[in-house]
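So that you can tell them apart, the chains are marked A, B, C and D in the order they are listed, and the count of residues begins at 1 in each.
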Amino acid sequence: MPNSPPPTKPKPYSTQSVAPRAAWRDRLYVVIFEADTAAGKWFDLALLGAILLSIVVISLETVEYFENSQAWLDLFLVVEWALTVLFTVEYISRIVSARRPWRYVFSFFGIIDLLACLPLWLTLLSFDSHALTIVRSVRLLRVFRVMKMMRMLREAESLKMAVWNARDKIFVFLATVLVAVTISGTLMYQVEHGTEGNLSQFTSIPQSMYWAIVTMTTVGYGDVVPHTPTGKFISAALILLGYSLIIVPTGFISAEFHAQKVAANHSTRTCPHCFREGHATEANFCNHCGAALIEA
Amino acid sequence: MPNSPPPTKPKPYSTQSVAPRAAWRDRLYVVIFEADTAAGKWFDLALLGAILLSIVVISLETVEYFENSQAWLDLFLVVEWALTVLFTVEYISRIVSARRPWRYVFSFFGIIDLLACLPLWLTLLSFDSHALTIVRSVRLLRVFRVMKMMRMLREAESLKMAVWNARDKIFVFLATVLVAVTISGTLMYQVEHGTEGNLSQFTSIPQSMYWAIVTMTTVGYGDVVPHTPTGKFISAALILLGYSLIIVPTGFISAEFHAQKVAANHSTRTCPHCFREGHATEANFCNHCGAALIEA
Amino acid sequence: MPNSPPPTKPKPYSTQSVAPRAAWRDRLYVVIFEADTAAGKWFDLALLGAILLSIVVISLETVEYFENSQAWLDLFLVVEWALTVLFTVEYISRIVSARRPWRYVFSFFGIIDLLACLPLWLTLLSFDSHALTIVRSVRLLRVFRVMKMMRMLREAESLKMAVWNARDKIFVFLATVLVAVTISGTLMYQVEHGTEGNLSQFTSIPQSMYWAIVTMTTVGYGDVVPHTPTGKFISAALILLGYSLIIVPTGFISAEFHAQKVAANHSTRTCPHCFREGHATEANFCNHCGAALIEA
Amino acid sequence: MPNSPPPTKPKPYSTQSVAPRAAWRDRLYVVIFEADTAAGKWFDLALLGAILLSIVVISLETVEYFENSQAWLDLFLVVEWALTVLFTVEYISRIVSARRPWRYVFSFFGIIDLLACLPLWLTLLSFDSHALTIVRSVRLLRVFRVMKMMRMLREAESLKMAVWNARDKIFVFLATVLVAVTISGTLMYQVEHGTEGNLSQFTSIPQSMYWAIVTMTTVGYGDVVPHTPTGKFISAALILLGYSLIIVPTGFISAEFHAQKVAANHSTRTCPHCFREGHATEANFCNHCGAALIEA
C-alpha cells in the first residue's frame, strides 16, 4: 500500500471518467449501505422500525380475532401497501446506488429484499390470493436484515467468533447427541411400545427420538411421557445422563468467551524495534526480536 | 469544589441557621435513610419483615379458601390496617426527615411508598371496593424496597456490573432470539396450521412465536406442541438449534463474573522502582525488582 | 503446641488410667468412625450398600403392585428386620466405641441413626401400624449418611467451598427472584384471573407465584399456563427476562470453580527467607520480605 | 525395545516370511482401520452415510403410515438387504485384514458389527419374524461407529478429557442428587399422597422420586404435578433449591474447559539462560532476560 505511486493514482469513481455515476448516487450509497454517517444511522433505524411493523402486521393478520374484523383487515392492508411501496423504493434505490448492482440482486439479502416486495404486487395480477398465503409469510424473512444491522456492533463479531471457534466442539457435541438420541429413543420404544392396550405415546422410533430430544434439552413438553415403571426408571436415568451431556456445550462456549476476554485485555505494548504488539505485562524483552521493551 | 473558600463555609443544616431543622430530624434521617448504624439496620430489618408480611396477607386474600372464611378475612383486615398505619407513619417520617422532601415524593420509591398506603385509606371514602382490587395489588410493588435494601451488599453491585458490562451482548442476543423466533414461528405455523381438522394448536403466527419462545428457553409447557410428523421433525431441529443459541448468554455472563474476580484480586499498586503494576494486595515488596512497595 | 512440655504428657486413653476403655473399643472406633484403614473402608461400603438397599425396600413398599402381593410384602418385612437389626447393632457399637457417647447421641447423625432403627421396634409394641407409615419414611433420612461418606472425597470439599464462597451472591439472587416472582405473579393474576368464564388457572396470587417460579426456572410443567393473548404476550416477555435472570447464578458458580482451579495451580514456590508460599511464576523476589527467590 | 538387535530385525509382515499376508491385505487394513489416507477418509464417509441410512430405514419401519403401505415396506426391505450385504462384506473384510482377527471379533465394535449383520440373515432361517423385532433394533447400535469416527477429531479428545477430569466432581454431584431426590421425593409423597380422593399423581415413593428427577433437571413434563397448596409451596421451594444444585456441574465442566484452553496456549519452553518457563509457542527470545530461545 505505501509503495503504490501516489501521483499517478486515478480518482476512483470520478464523475469525469464514468459518466452516469452522479454524486447523488454516491451519497445514496453512503446512506443505504453504510452506517457511519448520521443519515446512514437514521436510515437503518427507520428500516428497523418498518421491518418490525411489517412483522407485527403480518403476524396479527393470522389471528382469528383480526381475521373476522373487516375494519382491522382494511387497516392492515393499508399498512402493508405503504410498507410494500417503501420496501420497493428501497430495493430500487439499492440497485441504483450499488456499485455492482447484479452482485447485490443475486446476494442473499438482495433476494430477500425482492421477496419482501413481490407478494403484494402479485395480488394485483389477480393471482389466487390463497396460494399467496405462504408467499406472504416470506416477507417475514426480512427479519434477517436485523442481523445485518447488528454488524455495526463489535459485540456481534465477538459472539460470532466464540461460536465459530467452538464449531468443532459443537460438531462433536451434535454427533454425540445423535448417538444418545438414537440409543435412548430405541431403548424407550422397546420398553414402552404396545403397553397399556397400545395407548403408549411411544408409537414409533422417530416419535421416541423426538421424545429423547425434547427430554435431553430439558424442554419437556409432556406430550410424550413414559407410563410403565420400567420406562420411568430408564427415562429418569436417561434424563440425568442427558443432562450431564447437554451441559457440555455451555461449558465450552463459556471458555471461548473467557479466552476472548483475556485476549482483549492483553497489553498493547509494542516492541520499539520490530513493532510487534501484544507482549505480556511482565515481559522485559520482545519475544520476537529480543529487543528491550519500554516499561509499561 | 477545592476552589470554594473554606473559611466562610457555613455549617450545613445547623440548627442555628435553619430554625426548624431540629436534631431529632437528623437522627430520624440517619435511621430511615442510612444503614450504617445499629438503629438503621434494625429499622431496615423491621421494614423488610413488614413488607414480607404484607405480601403474604395480600396474596392469601386471593385464595378461595380464605375468601370464604369471614374469620380469616377479619384477621387479614386487622393486619392490613396495622401495616397501612405503619407504612403511612413511615411515609410521613420520610417526608419530614428528608433533606429535599419533594425530590423524595416524586422519586420512584416515593411514589411506590405512597401507593402502598393509599388503597386502604380510599376504602374509607366508600369507593367501590371492587374497583380497588387492582389498586390493592399495587401495594405488592413495595417488594422493590427489598432490592433497595440489597444496595448495602457489595455483591449486588458486582452482579449489577456483570449484567451491565454484558449489556451489548445481551442486546445482540435478544435481537438474535427475535430473528430465530420470527423465522421458526412462521415456519411452524405454515407446517402445522390447519392440520388435523383445524385442531392444531398453532392457530396464528403470534401463537407460534409464543411456542417458539416457550420452547427455545426450554420452559416447554406443552400447551402448544406439534402434532404432524413434519412438525415434530422441524421442531426437534429447532430445539437443538435454539438450545445452542440460548446457552450463549450463560457463557458471556460467566466470563464477565470471571473477569471481575480476576480484577478484584489484582490491585493497581505500582512499584516505585521499576514501575511494574498489578502487585497483590498483601505484597510488601515488588516481586520483580525486590524494592519495597508503598503501603496501599 | 511446640511449647507444651513433652516429657510430662500423659498417654491419652491409655488402658491403665481409664479402666473400661479396652483395646477392642479403640479398634471398633477406628473401623466405624474413620475411613483410613482397609477395615474402615469396607465398613463404609457395606453401610452404603445397606442404606441403598433400605431405600429401595422402603420405596417399593409404597408401590401398589407390591402392596397387593403378600409374597413381596413378606420378603420386604424380612429384609427390613434384617436391616433394622443391623442398624441397631451399628448404633449400639457407635455409642459404645464413641469417646463422648452423649455428644454422638444428640448429634444430627446420632438422632438420624436412632430414627432409622426405632420404627420397626415400635411395631412390636402393637402401635397402630398406620400411624407408623410416616415414621417409617423417616428411615429414608439415613440417605444423609451418603453425604457424610463423601467427606472423604477432596472434591466434595471444593464443591462446598465454591457454593459457600458464592453464598452472598446466592442470597442476592434469591432476593431478586423473590421480587421478580412477586411482581410477575401479581401481574399475571390481574391479567388472567376471571377470564374464560372463571376457568383460568391463575386462581390466586400464590398460585400465580407458583407459576412464576415453575416458569422462570424453565421447569414449565404446563399445569398453569396463560390462555389470553395478553397473558401469553406478557408471559413470553417474562420468560425471556426470567431466563436472563436465572442464568446469573450459573455464571458465578462457574467463576468460583475457576478461581479455585487457578488457586490450586498457583506455584508452590517458597521464599528461602520467610518460607511464605504461593509466589507467582514470574516473581523474582518474595513479595512479603523482599528476599530473592530461587528460580523455579 | 531399544535393546532388540536392529540388524537381524525381520521386515515385519513382509510377503516373503508370512506367505498369506498379501500386500492387498495391508492396503485393505489402511483403508478400513485408518483415516490418514484419502481412501480411508472416503471409506469412513461412505460408512457414515450407510449407517445413517440404516438408522433412517429402521426408524421409519416402525411408523404406522409406512407399516401399512406395502410399497414402502418393499422399498425398505430392498435397502435393508443392500445395507446388510454391505455391512457383511465390511465385517468379513475387517476380519480378513485385521492383524489380530480374534481380538477384533470379540471387541466392543466387533460384536456390534456382527449384531448389525445377523438379524436379516436369521430371517432367512425362517425364524419367527416377530421375535426378531427387538433384535432388529440392535442394528441401531451401529450408531456407536459414529463416535469411533470422531476419534480422528482432536476436539473429541479434549471433550473427553474435560469430562474425565471432572469425574470425581460428577460422582459427588450424582450422590448429592441421589440424597436430594430421596428426601424431596419422600417429603412430597407424604404431603400429596392420598389427597383429592386418591387422585393424586404421587402414588408411590418411586413415582415421587421420578417427579423429583424430572423437576430438578428442569425437564418438567407435567405428568406428575402437586395439587395441594402445601405441595405446591414445598415443590416451589424444592425447585429453587434443586435448580441451585443442578447448575453446579455446569460450573465445573466450564472451569475444566477453561483450564484446558489455558494449558493449550502455554508451552513448557524454558529459557536456556534464566530457566523461566511458559514461553509462547511463537516466541524467539525469552521475555524475561532477552536470551534467544531454542526452537521448539
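Everything below uses one rule, namely that a contact is a pair of C-beta atoms (placed from the backbone, for glycine too) under 8 Å apart; a residue touches a chain by one contact, two chains touch by 3 or more.
On a predicted model such as this, the values are computed, not experimentally measured, just so you know.
Visitor: Treat touching chains as neighbours: how many steps, at the fewest, connect chain B to chain C?
Guide: Graph distance in the chain contact network comes out at 1.
Visitor: Quick one: how many steps at least from chain B to chain D, stepping chain to touching chain?
Guide: The least step count works out to 1.
Visitor: I'd like to know which pair from A-B, B-D or A-C copies the B-C interface, where a copy means over half of the contact pairs are the same by residue number.
Guide: Comparing residue numbers across A-B, B-D or A-C, the repeat of B-C turns out to be A-B.
Visitor: Over half shared numbers or under half: where do the identical copies chain C and chain D land at their interface, same or different?
Guide: Here the answer is different, because the shared fraction of interface numbers falls below one half.
Visitor: Could you tell me which pair, A-C or A-D, is linked by more C-beta pairs in contact?
Guide: Most C-beta pairs in contact, of the two: A-D.
Visitor: Could you work out how far the Cα centre of chain C sits from that of chain D, in whole Å?
Guide: 31
Visitor: I'd like the Å distance between the centres of chain A and chain D, where a centre is the mean of that chain's Cα atoms.
Guide: Each chain's C-alpha centroid was found; their separation is 30 Å.
Visitor: If you average the Cα atoms of chain A and of chain C to get two centres, how far apart are those centres in Å?
Guide: Once rounded, the distance between the two centres reads 43 Å.
Visitor: Counting only residues that touch at least 2 other chains, which ones in chain B make the list?
Guide: Chain B, residues with two or more chain partners: 63, 206-207, 209, 218-222, 229, 250, 254, 258, 288.
Visitor: Looking at the complex, which residues from chain D come into contact with chain A?
Guide: 55, 58-64, 134, 137, 140-141, 143-144, 146-147, 150, 153-156, 158-159, 162-163, 170, 174, 177, 206-207, 209-210, 213-214, 217-223, 246, 249-250, 253-254, 256-258, 260-261, 265, 279-280, 282-292
Visitor: Where on chain B is chain D touching in the complex?
Guide: Residue list for chain B touching chain D: 63, 65, 218-222, 229, 250, 254.
Visitor: For the complex, which residues does chain D have touching chain C?
Guide: Of all residues in chain D, those touching chain C are 168-169, 171-173, 175-176, 178-179, 182-183, 186, 189-190, 193, 203-207, 209, 215, 218-222, 225, 229, 232-233, 236, 239-240, 243-244, 247-248, 250-252, 254-255, 258-259, 274-278, 288.
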